[in-house]
Every structure is written in structure tokens, then in C-alpha cells.
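Comments concern the structure below.
Chain nomenclature is as follows: A, B, C and D, assigned in order of appearance, with residue numbering initiated at 1 for each chain independently.
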């Protein structure tokens, strides 16, 4: 994990991650509109869920790739902002492995793979509740100015 | 462009591309829900538009990366299915270059870069109406069984 | 790991992976020319090493990104061909995290992340002997016709 | 093209690009060892050639993907350093479309697609002399401190 808040105890770092997530969530209209739920956030990781709804599928009842990406990208955002440093996505790559269907309960788990200066690499796995891997996502993050909690409170 | 319908005249190929898009669109609940509009489809290309709405942004009125991806991915889908062969996304890569804001009118232009066997590579550029490049997307397509018009009509 | 050789015992699968690697290596002029060594191959994984030589660096004694990629891509190839099915790279993505220098001993570890039909996803981590992560690589594989050992023996 | 040297005339910008390439090349042991030749460099673009040699192929006389990547990555480096600002690769993506064979004369053409702050996106197409597209490469660049000509002269 990134050594960017060296003075925090593990409990403080966890609290900070959860406070940052809470601040982001209150303004995250896109994630809210899709019914995404934040199941867990720790320093450098996150776990989110989303159910595949009628307005996320095509005529074959297959979930739009953009909705799978959005779930993964959201998990990435909560993981890479968990240190309370404003961080944005610089680039993302997604491999689609299997279709998700109407009614599927999806889980996205994000973990930090590397930190180097202001950039980081995070991996997100999107699976069905039954454990089938639907997509693998890798995101590159870039830290920008400001803190998450302060930024979203004043927004 | 892919030489997969060699017997068609250019006018017939264009008509087929438009008919395939129409068949896809009628069932594309996700694109419809986001207010995406299909401005143009030709063999191997597409041009789509989307306005950034309140439910696509965060507290800073910045468009969610997932919504930008979804617009690009949809343009990719209409371009790579324009030959009326069922084609899905295998992997996608997106570089985020500049933020899009609430109210921005976005345009996504997809073009075919290569075809090799059943796989293809498509590039999508997402810009604002003012011409600022917001994101560059590259998608890899995989042709599967069946035809677009027949598949979506019977769905 | 991929269930594509269900009748083999673990010991047989390991032997097959090592035999496939041996067959590939005997003809792998590019990897040999770079001084790459195969430290370990098991079903779905590999571990390779390479020392950064003078002819791999620029004027700042920094290893060329193409050489880092080649090491990672080679590890990917040995991992995804370990089931003795001919498999090629379809697409690869690499994030460069830190420079490698002249004289560094690099290690590349490849692991299988997913299999879906004829395609697979493999992750490779390139590190220095001291444990610094230099690059993260993700490759998409495509299985083609033929078996590795037979193909390279008759070549 | 990037507006980062606004005071130069086109002729001066072209001269600067060629001088930067010359400074890089004199120290680029890796590119020299592979027999890569720089055919042309202009602000934001480059065109390089490489012949597929025996030590770049496997037993099927197919060029190693790492050598194709290295050619593309080198073209990317000469294009993104053509403004005489030290610039490194942050991440690269490559799609392999067709094999290259022993003896093929390969051409890599790099063009700048976008600039945003210190980062840029470049596309490289690798083709055979006969015009077959072998690989499509997209690289993300990051500008760091220093100038190319000064850096490589003092190295």
C-alpha cells in the first residue's frame, strides 16, 4: 500500500478511507443513479455491488459493456481516493470475459497494485454473485491537488 | 474497410449499416436511457452524441468516466456491427484527456482501424461540441455467430 | 487455472508445461539473444530472469522499454503455452513504473488471471532483484490450432 | 500538434526535432543493436524502419512480439521527444494483427494524437513494406524535467 500518510495508525487510515468514500458518495450522482452500493472501502481497496437492471441491457438481456466499465471505474475511484488525496483516472483498460445478464448481482473488487510518484495502478475484478468473472479492469491513477473530504464538502 | 460483404454495392453496404443500427437501437435500453443519439452510421464508422446530464456527474459537475466510456463504447458497437455480423467488444482501452462538464454536448466518432480474421480494432474520439478532445478510446472487436438484424428482430 | 487438460494428474500437467517450455525455448532465438533465462514454468505460470546489458540501455544507462516489454511478453508466452496448446498474444498492455538500470537483474513473474473460450488474460510483474516493481504487464492470449511440442519439433 | 514551443518557426521546430533525434540516437544502444533506422522525424511524428533478423524470430520464423513492440516504442520515443523536452513512456498498449516474418522490412509510423498538460497520446502503426498492418500501438507519454539535447550530450 502507498506510504503517503505515514503518520496514521491503521485504524486512522481506515477511518480516513471511509470518510473520504462518504464525502465522494454524497455527490456521486452517476453511481447513485445506477444503484451502485459501496460494500467496503479500506486504504487502497474497495468492494462495490450493482444489480443489472432493465435500463442497462440490450435486446438480448445482456448488460451493456459501458455499465460494467462504470461499475469497475467507480470501484477504482473509491480505492484510489481512499488516502484522502484527490486522484483521477488517467487511463483504463478492460477485458470483457463473459456476459452479465439482467438481474445478475455484480461485485467489483479493486486493489492497489503499485504506486510511483503521483501515479498508481489498480486492478478491479468484476464477478457475478455466483463467482463467474465477467471483466478484468486495470486503471492508472493520477494524484492532483487538494484533499477529497475538503473538496467534496465545499462543492 | 473490411472486405466481408464483397457482393454489396456501396449504396447497399450503407443501407445495411443503417438497418443494422436501427435493429440494435430498438433494443438498446442502456444507450436510450443515457440520451445517446445516433447521428450517423456508415460501414465501419459511426458518429454519436450525448449531453452530459445531472445524473452523469459528481459533486464538481464533472462527467463520470464511466459515462464517457459508455458513449465511446456505444459508438464502437455501432461501427463494428455495421456489416450486419454480430460483433462484441473483447477489450477496450481509454485515455482520459480533459474533463467534460454538466451540459456539455459530446460527440463520439468511431472509425475502423484494422480487420484481421474475426477481430477488428476501432478508434473512437470523444470531443466537446467546441472541439476539445475529452477522451481517446480503442476497442478490439470479436465477431461471433449470427447476423445483427435477424438477432435483434427475434430477440 | 484453465481446465483444458482434465485427464492429467498435477504431476503430468507440470511435466507437460516443462516439456512445452523446453520445445519453445530450443527455437526461441529472440529470448536467447537477450540472455533471458527460464527459472520456472508450471501450468498457467512462469518465472523468467534477464540482466540489463549495455546493448539494452540508452545514454542514461536506463533500460529500453522495449526490452522490459520483451521480457514480460516472453514470460506471458511461456505461461500461456504451458498447456501444450499453441497460443499467441492478441494484445498487451504495459505500465512503466520505475526505470531499470544497466546491470539490474530483472525477474518477470507471469500468472493466469482468466480463461474464457479460446482467450485468456495473464498478468506479468517485472521487478528488480531488490524487489522494486519496474513494470506491470497484462496480456490477452488467443489459442490457435496445433500443439506446442509437436509444432516446435517439426519446425 | 502540441503548442509547447510557440516561438519557433516551422523550420526551426523541424530542425529542433531532428537535432533531438540525433542526440537521442547517438546513445540509443538498444535501437542500434536491433538495426532500427530513423527515416524521418518531424515535430510530433516519426517514421522508423527495421528488418526482421534471425535473432528476432522463433522456430516458425515469426518475429517475436517484443521486437515489434520495441520498434513501435522507439518510434513513439522519437515522436514524443521531438519538441526537445525530456519525455518518457508512461504506458503502452499494442494489438497484434498479423505475424511478421524473417526478412520482412517493417515500417513504424508514429503520430501525435493529443497533448494535455504534461501527458500526450501517440499512435504508432507497424506495417510491412508491402503495406500489411502488423500491429497497432498506442502510447501515453509523460514529460519530465530537462531538455533532450542537453541531457544526452552530458550523459
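One rule holds in what follows: a residue touches a chain if its C-beta (ideal position, glycine included) is under 8 Å from a C-beta of that chain, and two chains touch if they have at least 3 such contacts.
Keep in mind that what you see is a predicted model, and the values were worked out from it rather than measured.
Engineer: Kindly list the shared contact partners of chain B and chain C, in label order.
Structural biologist: Chains touching both chain B and chain C: A, D.
Engineer: Starting from the Cα centroid of chain C, hunt down the chain whose centroid lies farthest away.
Structural biologist: Farthest from chain C by mean C-alpha position: B.
Engineer: Averaging only over C-alpha atoms, locate the centres of chain A and chain D and give their separation in whole Å.
Structural biologist: 34
Engineer: CA centre of chain B versus CA centre of chain D: separation in Å?
Structural biologist: Using C-alpha averages as centres, the distance is 30 Å.
Engineer: Using Cα averages as centroids, what's the distance between chain C and chain D in whole Å?
Structural biologist: 24
Engineer: Taking each residue of chain B in turn, which ones touch at least two of the other chains?
Structural biologist: 90-91, 93, 95, 119, 140
Engineer: If you look only at chain C, which of its residues touch chain B in the complex?
Structural biologist: Residues of chain C touching chain B: 90-91, 93, 119, 140.
Engineer: In the complex formed with chain C, which residues of chain A make contact?
Structural biologist: Going by the criterion above, the answer is residues 93, 95, 97-98, 113-114, 116, 119, 121, 123, 133, 136, 138, 140.
Engineer: Inside the complex, what are the residues of chain D that reach chain C?
Structural biologist: 24, 26-33, 54-60, 63-67, 69-71, 73-74, 77, 88-96, 151-152, 155
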